[in-house]
Amino acid sequence: MSLGVDPQDQVSSEALVAAVPVASTKEHGKSPSRIAFDRLRKDRMAIVCACVVLLFILVAVLAPLLCAIEGQNYSDFHTELVDEFGFPTIGPNADHWFGVEPKTGRDLFAQWTYGARPSLVIAFVASITSSVIGVVLGLTAGFLSGWVDRTISWVIDFVLSLPYLLVAIAAVPIVVQVAGGVNALTPQDNADIRFFVLIGVLVFFGWASLARLIRGEVISLREREFVQAAKVIGVPTRRVLFKELLPNLVAPIVISLSLALPAYIVAEAGLTFLGVGLIEPTPSWGQMIAKATTYYQADPLYLWLPVVGVSALTLALSWLGDSVRDAFDPKTRR
Amino acid sequence: MSSTPASGTPLLSVRDLKMHFPIKNTDGLFARKQVVQAVDGVSFDLGKGQTLGLVGESGCGKSTLGRAITRLYQPTSGQVLFEGTDLAGLPEKRMRPFRRELQMVFQDPYSSLNPRQTVGSIISTPLQVHGLAKGKEIQRVQELLERVGLNPEHHNRYPNEFSGGQRQRIGIARALAVEPQVIVADEPVSALDVSIQAQVMNLMEELRRDLGIAFVFIAHDLGVVRHFCDRVAVMYLGKMVEVGDREQVYTAPQHPYTQALLSAVPDLGAVRGVPPRERIRLAGDVPSPINPPSGCRFRTRCWKAQDICASQEPPLESKAEAGAGHSIACHFPEVKESLVAEASA
Amino acid sequence: ACGTPSSNNKQAGGSSSDTIGGAQQKATDESAKGPAKDIDGAKKGGTMTVYAESTPSTFDPTNIYYTDGNQIAKLAFRTLTQFDIRNGKPVLVPDLAEDLGKVSADKLTWTFKLKKGIKYQDGTPVKAEDFAYAIKRSFAHDVFDAGPTYQLSYFKDADTYKGPYTSGDDYKGVETPDDSTLVIHLKTPFPDLPYYGTFPMFTPIPKAKDTKQKYEQNPMTTGPYMWQSYNPGAELKLVKNPNWDASTDPVRHQYVDAWDFKWGGDAIKSQQQVLASQGPDAAAVEYDNVDASVVPQLTGDKKAQLLQGDSPCTIVEQMDSRKIPLDVRKAIALAYNWDEMNKVSGNNSLTSAPASSILPPAVPGYTKFSVAGLTGTGQGDPAAAKAALQKAGKLGFQLSWYYSNDSQTSSQLTQARTKFLEAAGFKVKAIGVPKAQIRKYTGNYDSPVNMLFSPRGWCSDWPSGSSWFPVLFKSQSVKDGNSIGELMDPALDKKIDDISALPLDQQAAKWGALDQDILQTYVPALPFYYDKMAIVIGNKVGGAVGDPTQGLPVFTQMFIKS
Amino acid sequence: MFTYLTRRVISAISVIIATVIASFALFFIAPSDPASAICGETRCSQQRYEDIRKSLNLDRPVTEQFAEYAGGIVFGRDYTDGGVTQHCAAPCLGYSFKTGQPVLEQIGSRLPVTLTVVLGASVIFFGVGVTLGSMAARRRGTSSDRALVGLTLVMSSIPYYLVALLVFLYLVISFPILPRPGYFPIADNGPVKWFLGFLAPWLVLGIYNSTSYTRYSRGSMVESLSEDYVRTARSKGISERRVTYLHGLRAAITPVVTIYGLDIAYLIVSSIFTERIFDLPGIGNLVLQSFNNSDLPMIMGTVIVGAVVLVVMNLLVDIVYSFLDPRVRLS
Amino acid sequence: MSQTSATEATSSGRPQTVTRARRVTNPSGQEPFLVVDDLRVEFPTADGPVQAVQGLSYQLPMGRTLAIVGESGSGKSVSSMAVMGLHDMRRTRMSGSIKLGGQEIVGMSSQGMRKVRGDQASMIFQDPQSSLHPYFKIGWQISEAYRAHHKVSKKVARNRALEMLDRVGIPNPQRRIDQYPYEFSGGMRQRAMIAMALVNDPKLLIADEPTTALDVTVQAQILDLLNDLQKEFGSAIMLITHDLGVVAEVADDVLVMYAGRAVEYGTAQEVLASPSHPYTWGLLESIPSVSTEHEMLRPIRGNPPSLVNLPSGCSFHPRCPYVDRVSGDQCRTELPELVRRDQLGTDASRCHLADPRAIFTAEVEPGLA
C-alpha cells in the first residue's frame, strides 16, 4: 500500500511531533526568534536588567520633567552655595536632591539626569546606524563575492586595523574644524558638533566588525542547501538575500547590537573623560567623572553619581546582551 | 515499473559535461592556478519517467554533476540539453522557465530547509516565484503536504518541529510544487536511519510511479540505487566508468572498479547461507582530482592495469558483448563470474 | 613677561598675609660676591623631583621667556646679572659680569666687565665673544620666536640685523674689545638693561657649539647643574656641573645632587602625591598653584608644605576700546559678578587677591586705589549696568570673545559671563576654540570679537613699571600684539614716554599715578586678580622660598632635609 | 603557507599605505593651518608665517607635498625652518608642531613605557585568565564555576577606566596600599623602584583584563573538552589531569593565544586610560598631550604607528597561529 | 506494508516452550570476558532524565565479535562508553554491573578505571577526523597510549608505535609516524586509530561505527583489518553499527537495541536469518533489495520515541504492526521481558508475541531478498 496516503502514517507523524525532542511540545508555529524571545522572557536576570535599562531611559527622557519637579535646571550657577575654595556648603536637600556641583554650584540632580541623555542617545544612534551599515555591507560582500567582496573586506580590514582610540582623538579636532568656521559657532554648536563627531567615530569603527561577522555568516549560509534550493527554484537574488538570508542573520545582528550598546556607552563616557568627547555645556557623565576626580575625597557623591550611572547602565546592558546571546544561542550557555 | 528506455529525444541529455573548479595553490611563492576536475566529460541520456542512479566513492563528482545539471554551477563546458534546449549557457533570466522542469532534492534534511520560514512559506516560495496557483497557494501547499504524507495542518510550523524524515518530505514537496519533469536527488536518504530511509524511498517510488517524474538519483548506497533505478552510472574521479541498465551493472559488471565496488558492499548473504563471493579489495585511496592519473584514471588501483592504461584514456563505449545500453570505459572489460554468483540468487 | 603657558587656567602667586605686600623697591647690590651665603640647616645630596602640569615650551636660552623656563634655567645658565632673593625681596647682583654695567654719557653704550676663569661644564673657558654671539643669536627671531624682544627695540641696528644665521656675524650692536669686556650699543636709552641682563638670553653660547633648534638638547652650561637628559614635553634631568665654581657665584647653591623635572602629569594628582610625601615625593615640588580641591588637606603638619609667595602678575578682563565705547565699558564693569568669576575660576585667598589696579603689589610703584566697579570684588549690579547701558542708548550691545571650549574652567567662565552680561541687557556671542589655539585667536586684534584679547594678564619682566606701561598701553602695543584695551591715544603715549625718560628713582610713583589715571579715564580692562604663588612641597624640601620676580620657588637654594 | 604569508604581508602593507594616505589627507581636509600652528603662540609675523609655509612646502601642489611626505617615510627627509635644516631619518612621519622634533623620535622615546605596561599586564591577565578559565571549565556547572563566571561578567561590564580610576583614587592616594605608580627608568632608579612604579598599572590592567581571558579560555576549554579527541585521550587511560591540561588545553589555548596577540596590540594603542590615570609618560599620554596642543603631526604619527602595531601584530598572530595549528602550517 | 489482520494467530497464553530468563546468558557458551548485567544509564537534563540505556545485559567472550545494532539514538554509543567508563559521572546516573575480566567497572574509582582503559579495553570511534588530536603527531599519540600503561622510554614507545602502524597496514610508517592526522586520508586515520587502540594488546576492542564515515571500498579494508587483527590477537570485539550487512559479514553475536533496551539478542546467524522481534523484522524489511523490483519497501512506520518520554508498555508498540496480535492491551501497558525463544537456540527477544518465529516465516521472510 502506498505510504504517502497511509492514514496510519498520518497518525504516526502526528505522534512523532511529540516524540521529536527538539520540538516544543506545547505551541507550534513559533519562529526561532520567537522561541529566543520567549526564552529571554523567562530569564529573570534579563528581566531585571531590562528594567534597569528602561529606568535609565525613563530618567533620560523625563529629565526635564524630573528637574521641573525638583525645581532646578542643569545650567544655573549657584555660587552662593559653594565656599571660597569651591566646595559645596550644602549636601543633598529638598532643593537640590543630590546637592550641588563644586565651584559652580550647579544642581547635581539635573546634571545627572541630563547626563544620562548623551550616553543613551549616542549609544543607540551609533549602534543602530553601525548595525545597518554593517549588515548591508556584510550581506553584499558575502553574497556577491568577487571584487565587491574583496573591496569591502579590504575596507573592513583597514578600518579594523586603525587604532580606534587614537583615531577618535584625531578626528575630534579635525571634524570640529571642518564643521564650521570657528567664528560662526556658539558654545552650544560646538558641543553639538562634538556630539555628532562622537556618533560618527563610533559608527565608523562599529560597522566593520559586524560586517565581517555578517559576511562570514553569509558565506557559510550561502553554501547551505536551502539557499541552493532557492536558487534551483529560481528565486531572484534580491529575494534570496532578504527573504532567505537576512532572517537567518537575526541572531548575530541582535547579539552584536546588544553587545554594541554597552560598549558605546563606555566609549562615549571614556572619550569624554579623556577630554576628547563631549564638552560643556552639554551635561554628561564622562565630564562629571573627569571633574569629580579632584573632589572625590571632599565630595564623594559628586564622583559616585556618574560612576554608578555609567556602571549600572553598562552592567545592565552587558548582562542583557549576555542573556540575549544565550537566548539565541543556547549552546554557549554558561 | 518496467524499465523500458524512452524512445525519441531523451528528456534530459548531458553531453561531455565538464565542471572544473579553479583553486589557488598555496605552495610556492606564486599562486599557480590549478583546477579540480570535479566532473570531466560526462554524457548520459535520461528519458521521461526514467531513473538514473549515480554511484561512486566520495569526491568522485556526483554532487557536482547534479549541481551542474541544475545550473547551481555554471558548467565549464559541455551541454545540458533539456528537451533539446541547451541549458548550460543560458543566462539566469532565460533559465527561469526551465527551473520549473528541473528540480533538486538535497541530502541534508537540516540545512536544506530555511529554519526561519514556516513549512508553508518554504513550499509556497516556488509557487510565488513562478506565479503558480495564484490565490490558492495555501490549498496547493496543503495538497502537497498531504501528497508527501504530512499533516496539511502543519503548514504553519517551522522546520525545527519536524524530524529528519519529515523534513526530507518537506524538501520533496518543495521540489514537487512546480510539477517538474526531472528531479535531481542528491543523496536524499543517506542522512536517514534505515527505517526512515525506507519511508522516504517509498515516497519517491510513488511519485515516480504516479507522476512520471524522471530522477537523477545520487547515492553511495549501492543497495538503494539498485532498488530505485532503471539505469545505473558508476563514476570514478570525475568520469563515468560504466553505465548500463540496473541488471547489467549489478549482475554483469565489466569495469574492474564497478566490480570492486560491488564486492566491497557487505551483505546479508552470509547469514542466509549464500556461498561467499569473491572479494576484490582495492588498495589505497582515490587520487586527487587536481592531478588525476593519466590515461585511465582507475589504473593506479587497478589489478589489470597495463601500459596502455597509462597512456591512453579508454572511451566510454558500449560493448556489443555486454548488451545494448551498457557502456564501459575500460581497455580490458570482462565479466567476472565469481563475483556475480550471489546476485542472481 | 607672560606667565607660564598654563596661567590661563591655573592661577599663580600670592603672599602670606591677607594684605597685599608692599611694593618692592628696585634694589641692587653691585658688590655682591660669591659664594652665596650658606642657608641654615642646608644639607648636600639627594635628587629633587619637580612636577608641573604645563610644559616649559623651550630650554634654548635664547628662546626662554616664560617664567617656568626662566626659573629652571637659572640652575644651569648663568647670565650677566641675576636676582638674589634676600628676605623675599629681589636684589639685582652681578653674575657673570663683575658689575652691573657701566653706561656711557649718551646712555647708548653699556660696558660689562666679565668675570675671569669661568668655564663651561666641559671645562672650556667662557669668552666674551660667546656673550656677543648669544646676543646676536637672539636677533634670529624667526628661529627663536618665543624669546624676549627688548633687544629688538633698544639695540643698535635692530631693524636690519636678523641674527647670525642670515645676517652673519657682523653686528655693530655688540663688541668684545678684549676677552673680559662686553660692549653693547643701543639706539635708544635703556636704563633697565642690567635687569634685562638676568634673562637666559644673556648666557654665553660658544658659536661652535650652536646647533640651532637642537641646542636645547645639549646646551653649554655655566651654572651648578648641567643637562643629563632632556625629553621635550616630558622630562628634564640635571646633574652637578663639576666645572661650576661656587666662589664666583653670588646667588646659586649646589646642595642637591640631581634634579628631575617631570611635566605633563595631572597637577592635582601630583599635588596630592607631593603632599603625601611618600618615598621620593618627600623631596619633590609641584610648582603649579595649589588646586582648591587640595586645600582642605592643608591642615596640621601639612600646613608647612604650602609654600606661598608673591607673584609679579595681574590678571585682567580686557575690552577692546576701539570697538566698545567708553560708556559701554563702564556698564560692563558694573555688570561683572566677581564673586562668581572667582569661584568658577577656582580662585581663593591662597592663590589670588582681588585686583583693583594694573600694577600688582609686588612691583614698585604699586599704589592702592579703587575705581568704582573695578575692584575685582562684589556680585555686580546688572540692574545698574542695564540702566547705564540704556542711558548710553546701547541696549542689546553685542559683546563677543573667544574661549577654550575644551577647557572646563574657560567654558564655565563663559557661561557665567554670558549670564550676567545678558542680565544686564547685553547680547553675547562667545566663540569656542581649542585650548591649544586660543592665543592665536585672542592675539589677533583684528578678529571679529571685542573682548578678552590677550594678554589676559601681565607679569613684570623686572620690578618696574617700565616693563608694564610702555609695553601695554602705547599705541604701538597694538601693532606689537601686547596691548591691554587696544588704546591708541597719542596723549597717553606722551605721558608714558615722559615717565620713561625720568631717572629710574623717580619713575615708580609716576607709574602708580598713571595706573589709576588709565583705569579711570579709559577703562581698558577690568582688573580681575593679583596672582599669588601657593604651591605644595614635599616634607623634606628645605630652603624653599618664593621668587617674587617669577612667582615661582627659588630652585637654586633648595636642599633636601634628612 | 608561504604564499599565504606573502599575501598577508602585501595586504598588511596596503592597509598601512592607506592609513598613511588617509592621515595625510586629513591635514588637507582639516583647515588646521599647520603653518600658524608652528608659528609661535601669539606673535607671528606675516613674514615668518610665509617662511614656515614655504618650509613645509604648503605653497606647493598637494601631490608634491604628498610625494615629499611619502618620500620621508621611505628615505627620510630634511626640514628647513628659519634657515635651519634638520634631518629626519628614514621612516619620517614629520615634525611636531610643538617641539619641532621628528614625530617618530618622540614616539620612540615613549614606546618603552607603554610596552612595559602592556606586556607586564599581559603576563598577568594571560596567566590568571587561562588558569582560572581552564579550572572553571573542568568544574563546569559547579557553584564555584558559576560564581567565577558571574564575577568575571560583572567585572568586565564595568568600564575599565572607572575601575582604574577608583583603584588609583582609593588604593593609591587615599589608602596607599599600592605603591605610587610612575615611570622610574631602571638605569637611574634600580629595578625595585622601576618595578614598584609599574606595579599598580600592571595589577589593575592585568586583573581587569584577566576577567575576559577567564571567559575566553573557559569557553574555549569547555569546547575542546567536549571534542572527540579528548574522549579518545581519555580512552587511552591517561590521567585526567593530562587529558585536561595537555590534550584539552593544547587545543583550547590556540584561539586564546590569537586573541591574546590582538589584545596586546589593542592595548598598546589604547593605553591612554592607563597612562592618563596612572600618569605614565607613554604613547597614550603623548597623544593626549598632542591633542591638547593641537599637534596634528604628532597625532597622525601615533595613528600611523598604532595602525602599524595593529597590522604587524595581526600578521604575527597569523604566523604564530600557523605554528600552533599544524593544519594551517602545512596546508 | 501489507499485513493480513490475522488476529486469530495471537493466542492469549504463551507456548510452554518459552523459557523465561531475565538474564540472557552468553549465546556462544564460552567463558565471557565482558559481562554486562542490567546496565542502566540516565542523563538528567532540563527536560527530565534521558533514559539512554535501560536494563541492558549481554556477554562477550574472547575471540568473538558482538555487534550492537539499532537506530540512531537507541543507546548504542552510551552503553559502549559505559564499558570504558567514559561518561562524566557528574552528569550521569549509572547502575547495574559491568564486569571486565572479572573486574567490576561500575562505581570503580577513576584511578582504577584509568588502568583498565586503553589497556584491558580500548575503543575506536566513528569519525577518525575528529577523534585524533589535530595538534599532535600520529606517532606521539600512539606512543602516549603505550606509555600510559608501560613504563618505557620514549624511544621504545616510538618503536612500538612504528610497529603498530606497520601492523595496521599504513604504508611507509617511518614517514607517517611524524605526520599530523590531517595529513592522512580518512581510511588511514581510522587505521591509525586502530593502531592506537591496539597498542597495548587490549582484550576488548570497542568499535563505535568505525566505518560509517568511510566509503564502501575503504570500509571493506577496515573490516578486513579488524577481522585479521582479531584472528591474530584473539581479542573480543564489540562492533557498533547500523548496517546489517556489516553485521552479517563480521559479527558472531548480535544485540538489537531499541530505545535504550535490548529487543533481540543472539548469534548473528539466528538474529539475521530468523529474527523473532518485529523491530528486527522491520529493519530487515527496510533494506532495499533487488528482487522486489520496484515494489514498495516495508519500512517501520513512524519515528523512534523520545528517551525522555518513552511510550508505555513495549517501547516499540506505537510503531509495531503486530500489536493487535497480542490480546488485550498488553503491548501498550506491559513491558515484555527479554526471553529466550527456545531451548535449542540462543536467540532471545523482548516481545509479547506468542510465536514470532511463525509470523516471521509466514509473513516476513517471503518479502525479504
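Note that the chains are named A, B, C, D and E in the order they appear, and that numbering of residues resets to 1 at the start of each chain.
We adopt the following convention: a residue touches a chain if its C-beta (ideal position, glycine included) is under 8 Å from a C-beta of that chain, and two chains touch if they have at least 3 such contacts.
By chain, with names taken from UniProt: A, D = Peptide/nickel transport system permease protein; B, E = Peptide/nickel transport system ATP-binding protein.
Remember, it's a predicted structure, so these values are computed and weren't measured experimentally.
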item	value
Pair exhibiting more inter-chain C-beta contacts, D-E or B-E	B-E
Centrality ranking, top chain (CA atoms only)	D
Centre distance in Å when chain B and chain C are each reduced to the mean of their C-alpha atoms	93
Chain centre separation (chain A, chain E; CA means) in Å	53
Inter-chain centre distance, chain A versus chain B - centres from mean C-alpha coordinates, in Å	50
Separation of mean Cα positions, chain E and chain C [Å, integer]	95
Shared interface positions of chain E, touching two or more other chains	296, 299, 301, 303-304
Contacts with two or more other chains, residues of chain D listed in rising order	276, 292, 294, 331
Multi-chain contact residues (two or more partners), chain A	2-3, 6, 9, 13, 16, 19-20, 173, 275, 293, 297
Residue ranges of chain E in contact with chain D within the complex	81, 84, 86, 90-91, 110, 114-119, 122-123, 125, 127, 130-136, 144-145, 148-149, 180, 182-183, 193, 196
Chain B to chain E touching residues, read off their complex	1, 57-58, 163, 165, 193-199, 201-202, 205-206, 209, 220, 222-224, 226-228, 246, 250, 260-261, 263-273, 279, 281-283, 285-286, 343
Residues of chain C that touch chain D when the two form their complex	5, 55, 57, 140, 142-143, 145-146, 165-166, 212-214, 231-235, 237, 262, 264-266, 269-270, 272-273, 276, 278-281, 406, 434-437, 439-440, 443, 454-455, 480-481
Complex contacts: residues of chain C adjacent to chain A	268, 291-297, 339-340, 343-344, 346, 348-349, 403, 405-406, 408, 411-412, 414-416, 419, 429-434, 441, 447-448
Touching residues on chain D, where the partner in the complex is chain E	141, 227-229, 231-240, 247, 250-251, 254, 324-327, 330-331
